[in-house]
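So that we are looking at the same thing, I have put the structure below in structure tokens.
Order as written gives the chain letters A, B, C and D; numbering starts at 1 within each chain.
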């Protein structure tokens, strides 16, 4: 099969030419002074991206590496942890917490909904034994957002740390690691940055470090260890092992573009692409997966697949016939995504996604008003055009 | 500081234009049919590179990820393990084995020497309780090779499995995973393949899988898990998490070039570059680190740094003044490397390394006969030229 | 201003990743054996693209270089030449012919029309003194096609040679240099091949060579000389001057993709993109520039800009607001183009062009039924989908 | 045959990764606002590179295009022109001048020598009818430099214009278009800039424009016309034809690197590489082609090939056996070049060239003291190291 013309998925997403140039630049030795400087700069840029003055680590793998590393560093057997669940990623964190020996508390809502921060507040008030709150900021498969701006301060007020999966949120929706008092935050290159999969950023607050260092079970001398990177890179400028030179260089290029544009401008761009897409989806006669606009994320528009059609069948058909790769709900429900992240959260990319989706559904027998969808999308585009 | 003109280090090393093009190609979604096919093909090509019919996994990180994953999957507390130590990488494996609860046996030799397979045979005969032998095929920091062609069959004869760190050996020296009866072998992109750091190959024999699956402590639902990839990718064609698309695509390109050239031709090329380099080093009046040619690896020529000079000081000087990045012994001794791996194991790259090394030492007051070195190197080049 | 998200113009057009990799590959010396072989291969591939066994030259510049070189080589003062004019490119050839001293005959039609081959036949019958017919196969600015399949044989029957500007036609519409008895044909990289501007292909029949060699005014020792390349490259394997290494390498990559796909398949792909676009344009309530579908070219859909709006103002607005670069009529009329050439003659690229055009016109006050346009376009897409 | 490991030729030469990235960046439409801006900026940067406030044109082809265009614009039949000949490029200009109808005067010296500016002064004093002096600043095939710093002012003093082929000189040796009163200067991308072949820069003084515009035979409406670009681009911001987008973008990247480094720093870098190379050549027992160091150019070291060996045979052997592409004298004599231009005028690239040359000669039976050559070269390197 041919390579896709367009990847409008929930990440990895299409990268800019500049990011691709960086990924394709000559590989250097990891202890070359030029790479050491690159690594240092990239760390600083990641912190600016997170809006944090906490320590920033670059882990050498996909985001789940950092979530595992952070979780296993923070959790001790018998620790009470409140896990907020509004989708499969949140649910998966619960399984991990149990496996790691935590006493699991969960507030779970339907996967088209978002956890109410007030419920978190109430739960924590009733359970002062909870030491950690885990939350997914952007539930990628279901395209919903949780309100970390409130959850962070609430957790802190109740003396709990927070571990935030912000993989697909930063750069696409507002995110303030420090202002929101978030202790450990994880984000990746392959979402709103439009960069590589293999380098992940994680910020750690002093309180989180204290907890990790006191944890005898926290991974050390391990690929998933955060402490190794703290003691190696942060404290001594040495690497625990060879970092993924290519991915780090690519991540820096993606961060450069993000910071040159401005994180706020990037968020506005993602918001606009999402609004255009949502307007189109609705006018085509389709339903958004998230219960309300308020909890719909900017990076991914999750669309409910009409009954009788299976999401993966739909995306395979669209990929084959239209050359457009859309992603699907991955267990969260019968969902198809139009991703608008990184370079695809720009201009007419959403129209490509809407046309592919609408046409694909029509091919499978669903009545879709494609024309109305495009009209509505472009009307929304017009409302927000500069 | 400017980027290096030449990277002649112990890996990561310089990549070919074709590999760089692949690394810089547009990122696709990991579930795109094109990427699924890429992943499958790359797995097959890695098996051909290892010369194995065992299962092949592509892990999503640097080689140490696979060594940790394999070791923690194989080892159970109280298991007797024989670790062969002829350098810092072997030594590090011993620390890991102890941390994982193994009863550690070690045969250790000086770091400029190689473990004698007969000693392994004798030791295993005396210790029938040993269930696993761990060995580093190419001790990167000290540039020595162990004789896995004998160690593998010896271990099997005594009923022990083998775990082989072949990170910097395959493609540069002969390696036969199946013929040598090696159970778990790990290699990476950034050495003789001249490719990316972030994708690692590991082969697993049926006997090794049996052991891992029976091990309740083997990592599961973890970034370091081999079982997750077996149950996900090998058995169901699904990924446990998002693979590093860029690195996998780059690895395939590097494997393509290796297999088009032929692994044997690649080994011959590395052997020739090493011979040229060694001839030059000796004729300059310097000493090779390995005790004998027989145990000197083709991918890296390790040179003893003359007394009074510290290896890192020397490499920093050379990097700054000559634009050439050489690597150093990393704890194995006062060693500097001329790497000749991947595209740099070709033509006159060794001359660049020799000139940089000889001139750098001269600058620091060592008497070096640079001209004699180049003469000898090119004489050796001439002996083996087509 | 930001780089365009999409270039859907009349060429240069967007290139594939593979072509871009070739353009960005390391520059080699023009007398390197590898480049000599590249040049030879590219020449052969160009001939296959033209479907000719005539001599093929690669000239080192934009297409107009070859048109000038061929014309000045063929034309002698006082020679009677019939120039067919259905657009500005044809008109320009007439100016050149006059400047070069030819006795100019012209059959000229409106620029939304095509010259009738029967008229050519009649004219040549009446003017046996005509020795050369010049014709533009695809009038890029007005998006029309002339019927060279008939014009070539007609000219030959009357004893006249033909000089064909096939810059934007080959690969997008049927073209048969030999079957159609065309003597000198010129095509370029930046149109249906989706390649670089700076390398141009020109085929020359034995009869044309005979004429050129007999012409004392034919350029020699000149950048525009065809004879220099014949005597240098074709006869002696030497270059008259340094060829543009990068452009030639890029052209080969573009030709490789064309020939691997198959020229017929490429034409079908361009035809489908054009049909989709035309359906959309009409359903939006806009008018195509060409008088009939029969003379509309596949590579470029030329649309009549509604009165009161100037084409360049429209394209500037679309470029700025939608990030899409459309081209305009360049003197042929108040025309805007949706180009679908090379990689953009694929999948949903036409939808991007239609949306940009329709929305841009709406912004400027024109009533456009964008939704109906997209519906009609996708209905056409569906009719021809595999 | 494999691609060369190293191209150390007289241009085209190896390009930097940054230049290659630019050459491989997505192609845009030539009237895209981004490209118009690129073209404008590149023109300005070229002027800074030439150190001129005269008009700067970017011609769309190899340097010879600009030389032909300038010459044919300046020369009228019967005009007296003094052509300075110290090599084949200068000799070729004489042939052109004759063909264009000039009355040719020549001062010719052996091709290993340089024309004495005093002889020019004397000749012009005796021949006040001479209106134009043509001179090659850097005779690429023979590696010699002419003293344009004196020739320019001398010509002006005698009322003659100058046309300077500065293709391989600017950026490698001092060049001051304005200070030296040079009227028309031509340089290219593929020499000291380490860029593409297909874009050429030409500066034109007001006096030269006056002459060209008054010349009824000056090319107009032609690929070789300078006036077309003046009237199109300079005066109206329009292109006479589609420029070679890729080459222009690549040229800008090369100019950016040159100007960021500083032209003086670049010249010093080329001078050092040339000094290192010359020291090595001599110490190997070989002879430089130029009669003296004073007239040896920095960009190319021309070496006399020992008797009994033919230069092209030697370079073919070296290319095949050592993977290094050296160029040869192209009719100027039995000469082989070690080019050090652009990125190869850096660090240890000259050592690669010397080793290839010395070893290749040895293979062919010449006694060469390679070791002494490398020793001497590195001693020279040491003298000038920072």
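Please note the rule applied: a contact is a pair of C-beta atoms (placed from the backbone, for glycine too) under 8 Å apart; a residue touches a chain by one contact, two chains touch by 3 or more.
For clarity, every value in this text was computed on a predicted model and none was experimentally measured.
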Most widely separated chain from subunit C, with each centre as the mean of CA atoms: B
Equivalent interface to C-D, taken from A-D, A-B or A-C so that over half of the residue contact pairs match: A-B
Separation of mean Cα positions, subunit D and subunit B [Å, integer]: 46
Distance between chain centroids, defined by C-alpha means - subunit B, subunit C (Å): 53
Subunit B, residues touching no fewer than two other chains: 3, 17, 21, 24-26
Touching residues (chain side subunit A, partner subunit B) in the complex: 1-4, 7, 9, 11-15, 20-34, 37, 60-65, 68-69, 95-96, 99, 190, 196-198, 221-224, 241-247, 250, 316, 319, 325, 327
Complex contacts: residues of subunit A adjacent to subunit D: 17, 21, 24-26
Parts of subunit C lying in touch with subunit A, wherever the complex brings them together: 3, 5-6, 17, 321-324, 346-349, 351-352, 355-356, 358-359, 362-363, 369-375, 378, 381-382, 385-386
